[in-house]
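Once you scroll down, you'll see the structures, which are given as structure tokens.
Shared between the two complexes below is chain A, which pairs with chain B and chain C, respectively.
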Partner chain A sequence: MTATAISTTALTKRYGTAQALNELNLSVPAGEIFGLLGHNGAGKTTIVNILTTLLEPSTGTAEIGGRDIGTAAHQVRSTIGYLPENVQFYDNLTLVENLLFFAHLSGVQAPRARIREVLKFLDFTGHDSQRMSSFSKGMRQRAGIAQAILHEPSVLFLDEPTSGLDPQGVAKLREIIISLNTQLGMTIFMNTHLLAEVTKTCTSIGILSAGTLIYQDSMAATLESFPAQESLEDIYLHIEASQRS
Partner chain B sequence: MIEMLTLAKKELTDLRRSRLLLVLFAFLAVAVILSVVVASADFRLKIADYRHYLDALKAAGSTAAAPAPQLFPLQMLRGGMEYLEIIGSLFAVVLGASMITKEKGRGTLALIFSRPLGRYAFAGGKILALSLIWATTMGALFLVIVATLLLVGNAPLQGGDYLALAIVAAHTTGYLIMWSLLAMTLATLALRTGTGLILALVLWLVVVLIIPQIGDTMDPDNQIPGGLFASLQVDKSHEQAVMAHFTGYETTRDLIEQTSVTKQYERATFAYLGIKNEYNQQSLSFIWAGTFNNTLWLLAGLATSLGAALLSGTKKTILRKAP
Partner chain C sequence: MTRWSAVMVHELLCTTRERLPQLLLAVFVGMIAASAFIGSSARASVTGVYQEALRQGLTTVSNPFDALSPLYYARNTVIYIVLIGALLAIVVGVNSTLRDRQARTADLILSRDVGPAFYLGSKLAGLALFVLLLLALSALLNIGCISVVTGQVLAGGDSARIAGLYALAWLFMLPFVALGMAAGLHAASSTSALLTPIVIWSVVIFILPLLGTAAHPVSLLNPVSPPPAPQGGFFAATSSLVDPLSLGEQFKHVGALILADPQATGTMAGGILTMAAFAVAGCAAVVMTRRTRMRRLLHD
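For the complex of A and B:
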């Protein structure tokens, strides 16, 4: 039986009268690359912020690797990696100085050796002493992945990781995400709008609509269940439309 | 503790490479040092003039006693202290606010707070960095000031003068840290990036400029150039006798000034530098006793800003106010 990496029970988040998440029950098995889909404002970033312990839920619970995000937040933070959308880092610091900073905050032992290892894994060597201000968007995303995996997390959260990347950048990032999953065994939870990328990268998907999880299944089962639809985009639009009707 | 040191180290490296802040610090240092250099040169000239005068008397065979000019080397810091009081605190506000607004603007708060940090590590790191920056800058600045007094002014500094300068440097460091922490707190609590800085600048304007200006305007000595009583040739004892009839007015003026921590800082430092006549050439213990309340108010301001910065810098508060 596969262990559960991420689970939520009746997870709800309200901002005043606005309901961002509505009694969300989600379960992501360990070892998956899970893609959470949904239109803008569906609650995707809210759920990532709750699961990364940055935001407290109004009601309900969530666990990462069996640890409650409320009562064991400190332990949860040690086991997750996070790359938010459009993060910019410290431009006056070099790549290695940025990574050393995050490695120390995560309590990484022998941080310099670990940084070398991670940069080699990401095929991102030769930029150690370069200040982040000179980095392209694609390079920043790779630096972002590096900071997120320095402490060898078991679950990695990526919020719109391909946002703003050119096609080469998207392809490189896809390759990295798949390597992290297959070679390092990380469970990956990603929010994205790029449905073509989800088809190529994710092993399972969930669809969020107005704070409610309206669909969840493996990628293979999803593609099999909707033979009339040509692409994941068609499937997504079909499921959304069925929900509305 | 390691997290706090890591955060402080990052801040120091980041600031060291920030051109804007380096220019601001250089401007402040140059303004202060230049004012001390000019005053020191003037001091040296006055001493030289007096010596020439004595030589001329001697050469003329005169036995008349020439009274020495009333020159006190620490008073040469007056201009520099005013720059630190006004421009220094303004830079402190910009520095404190920028430490938070940059984190909010870059989106790095999520990266920091998704890691296993202690509750006060983030704020503690920033506070430690600010304290180190101001302590180092003021330490270096006052060393240059002492060197200027000695080398340019040929000032005969005594042991007590060095101690007085050290006390003034400590007061100045505390005063500037307080402004940085207040600005940091307001930047943390403001939802929009610029709002915190604007609020801090409004507070700075009221406390540093408006309140002391009201107090100064109400001071009878500032009603006409040279001082009201001096221009009427009224001596100190008669001045006190006159002012005894206006105790209500004086108490009100004093209370207004006391609400400004800047005025408290000014009263204490001007006393140690002998700029305030009543404290000039007095012992340090006499000055300490006379300005203890001012120092205490400054410490209270520092403690309040420290507490506010620590409490507002927790994950829960800061992320609620992050864009």
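For the complex of A and C:
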């Protein structure tokens, strides 16, 4: 039986009178690349913020690797990696200086050796002494992935990882995400708008609408269940429309 | 390397690579180096006038500058610390917390096992170390320049007094570092983050002393505190209220006592305790910042 990497029970988040998440019950098995889809304001970033312990839920619980994000937040933080949307890094520092800072914060032993190892894995060598101010968006995203996996997390959260990338950047990032999953065995939870990318990258998906999880299944089963729809985009629009009606 | 020292090293690295702190640092160190020579130039001018008056038989008293303590040449540094030093402290403080918001790294930091109090406390310690190193360098530079001006190595006692002045300067600058950090955390934009503490600084340094002492505004640029206001009336009522808040005047008063200025009277305890209280309150306000506040985006 496959272990559960991420689970939420009746997870709710309210900002004043606005309901961002509504009794969300979600379960992501270990080893999956899970894509969470939804329109702007559906609550995708809120759920990532809660699962990465940055935000406290109003009610409900969530677990990462069987550990409660509220009562065992310290342990949870050591098992997760996180790349938020549009992270910029410290422009006056070099790539390695940035990564050393995050490696030390994560308590990584022998950080320089680990950074070399990670950069080699990401095929991102030769930029060690380059200041971040000279990095392109794609290079920053790779640096972002590097900082997120320095401490060898078992679950990686990516918030809109392909946002603003050119097609080559998107393809490279896809390759990295898949290799993190297949070679390092990481469970990956990603929010994204690019449905074509989800089809190529994710092994399972969930659809969030107005804070409610309206659909969750494996990618294969999803594509099989909607034979009339040509693409994941069509499936997504169909499910959303069905929910509204 | 522990997490605490990693944040401190990171803080030192970032601060020394930023343009505005670099510029203020150069001006501050330059003025400290120049202060002894400015004092020497002032002494030469007055001595020239004295010699001329003596030659014309207009005076018979001895030159008052003949018995001058070498510490006289350090007096101007008090004003440079109040003006440029405090601004430098504000700028490094603002940049420290604004940097995380501009780089959007707060989430990367807080999703690790690092709490806001620990992180901000270690940043504060890094900046306190930065200011300490800067002032130690300035003290050595000041002692060296005074030795050059007087033509002899400064005596141990006088060197200790200058070291004491810079130790006091560290205590004086710390609340401004904290003020800058708090502004960087709470302001909605980069501009207001920098402007707000500068406005507060100008009130503390220039406005409050005027309310409590009836001092002439220009006299606030004098290294020695103005005399107390006449008893009774408006200033007597306000001075008890605003004097403790006039950090610049407190620093100038204690600084003058440390430099054995003959015009300075009173004790150091009150001024030192006031500065320490401000430093503790400022640091506490910074480390008590909530997680949600650290994560707030800028509206630039």
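As a working rule, the second predicted complex is superposed on the first by the 245 of 245 C-alpha atoms of A that agree within 3 Å, B and C clash if a C-alpha of one lies under 4 Å from a C-alpha of the other, contacts with A are read in each partner's own complex, and residues count from 1 in each chain.
By our rule, a residue touches a chain if its C-beta (ideal position, glycine included) is under 8 Å from a C-beta of that chain, and two chains touch if they have at least 3 such contacts.
In this text, all values refer to a predicted model and were calculated from it rather than measured experimentally.
With the two structures overlaid on chain A, would chain B and chain C clash, or do they fit side by side?
clash
Return first, second, both or neither, reflecting whether A:Ala10 touches chain B, chain C, both chains, or no partner chain.
Touch status of A:Ala10: no partner.
Once the structures are superposed on A, label A:Gln147 by its partner contacts, choosing first (chain B), second (chain C), both or neither.
Touch partners of A:Gln147: chain B and chain C.
For A:Asn86, select first, second, both or neither according to whether it touches chain B, chain C, the two together, or no partner.
A:Asn86: touches chain B and chain C.
Now for A:Ala72: first (chain B), second (chain C), both, or neither, which partner does it touch?
Neither partner.
Touch test for A:Ser106: chain B only (first), chain C only (second), both, or neither?
both
Touching chain B and also chain C: which chain A residues?
Common to the two interfaces on chain A: residues 49, 52-55, 74, 77-78, 80, 82, 84, 86-93, 97, 101-102, 104-107, 147.
Enumerate the contact residues on chain C facing chain A in the complex.
1-3, 6-7, 10, 13-14, 17-18, 99, 102-105, 107-114, 291-292, 295
Touching residues of chain A toward chain B in the complex: what are they?
Answer in residue numbers: 49, 52-56, 74-75, 77-78, 80, 82, 84, 86-93, 97, 101-102, 104-107, 147.
For the complex, which residues does chain B have touching chain A?
Counting only chain B, the residues touching chain A are 2-3, 6-7, 9-10, 13-14, 17-18, 105-108, 110-117, 315-316, 319.
Considering the complex alone, what residue numbers of chain A touch chain C?
49, 52-55, 74, 77-78, 80, 82, 84, 86-93, 97, 100-102, 104-107, 147, 151
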